[in-house]
């Protein structure tokens, strides 16, 4: 498949394990930030801000939880 | 179909791949902002604000995650 | 049906197309604001505030996404 | 049924119409606020605050949308 | 069952009625706050803050709505 | 299984009881914060902030509720 994927690595929601599914959720959340702010330096400047702000860390957790819900369902919860 | 679509490009939630589904989620989220603030210049003025604000970037990620959940389910997770 | 509908236009979640479903999501979100703040002038005064505030526009997008998830499921994703 | 209901009027999620289901979502959201802040005067004091704050009105819409999702599913979307 | 339950009273999501399910949602939300801030006095100090802050009351409603969605589904909506 | 798990303890969403599922939800939420802010001292510095901030405690509850929804479904609600 030659389609350039910039939003979902591997162009699939299917993973071998829950751990890999969780890592995919984290990556998918980050890639949305990347296309909204494509400037790598600008993203880098924000890192100390959110990494030391409890409210933002919690908000990141909320987004990852929402992405993971979709991935977990796609994988039938790896049952 | 002659219906003018301003909210969902192509008037369908079905996409060929997860990557395209993800891109649709991003577009659908942006189109809601567009109909709420139809003035293109006003939207352009806000861009540096949200693109350099970690909390807003995270919030955009949350909205895209919610849109994507619906699109992924519509496509039976592209399985 | 003589029931006065002020919260869901047409008193149904079923729409012909995704685009119409999306428009219904927007309307349902607005009608909740309308019953919470019934004073049209007060709502009008707030318009420039939220239409020029990136964080609020994103939050509106989040609410519409949640309403749309329900409507999309009600319509079996228009498949 | 003699159980005192203070959280869900009628002790059921089933309603005749989408409009009634939506009204139930609004009531259920308000009743959570009521048990968290049981003082009616305190709640009344807050009314002008949230009724004139666009961000809070949007947040109320988000909560109602989440309650409604559950009620709509309980009623099989009134299909 | 000797397992100490500090997060879910009765170690079950099943309840007899919607009203009881709703009360369980409220309790489960509170118990997460309790394990995050185990100091009862600290929690007590925060009470007047959130009980008189409209934005926080709305946020509590959002969390309860999310917990309740899970409980309602576990109980097949008490149908 | 030799895969290093840093995001989901045990690399499974399946738990014996609702109580254990709830504890897993709490751990999964915390592990996302840990990989976003890997510096243990920095995380420790933030603890008094969020443990004494009602809004943040509520936000933590929201994230845990979202994680738990996925875990509960994976376990068919322990029925």
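Just a few scattered comments:
In order of appearance the chains are A, B, C, D, E and F, and numbering begins at 1 in each one.
Simple rule for what comes next: a residue touches a chain if its C-beta (ideal position, glycine included) is under 8 Å from a C-beta of that chain, and two chains touch if they have at least 3 such contacts.
Treat the numbers as computed from the prediction; the structure is a model and nothing was measured.
Although chain E and chain F share one sequence, what matters here is the overlap of their interface residues, and that overlap falls short of half of the numbers used.
Chains compared, chain D against chain E: the Cα-based superposition rotates one onto the other by 60 degrees, nearest 5. One inter-chain figure worth recording: chain A and chain E are separated by 28 Å, centre to centre, where each centre is the mean of the chain's CA atoms. Distance between chain A and chain F, defined via averaged C-alpha coordinates, is recorded as 16 Å. Among the residues of chain B, those touching two or more other chains are numbered 50, 53, 55, 59-60, 62, 66, 69, 73. In terms of inter-chain touching, the protein chains here make up one closed cycle, each touching precisely two others. The cyclic arrangement of chains, read from chain A in the direction of chain B, is A, B, C, D, E, F. Of all residues in chain B, only 17-19, 22-23, 26, 50-55, 57-62, 64-66, 68-69, 72-73, 77-79 touch chain A in the complex they form. If you check the complex, the residues on chain B that touch chain C are 1, 3, 5-8, 11-14, 28-29, 32-33, 35-37, 42, 45-46, 49-50, 53, 55-56, 59-60, 62-63, 66-67, 69-70, 73-74.
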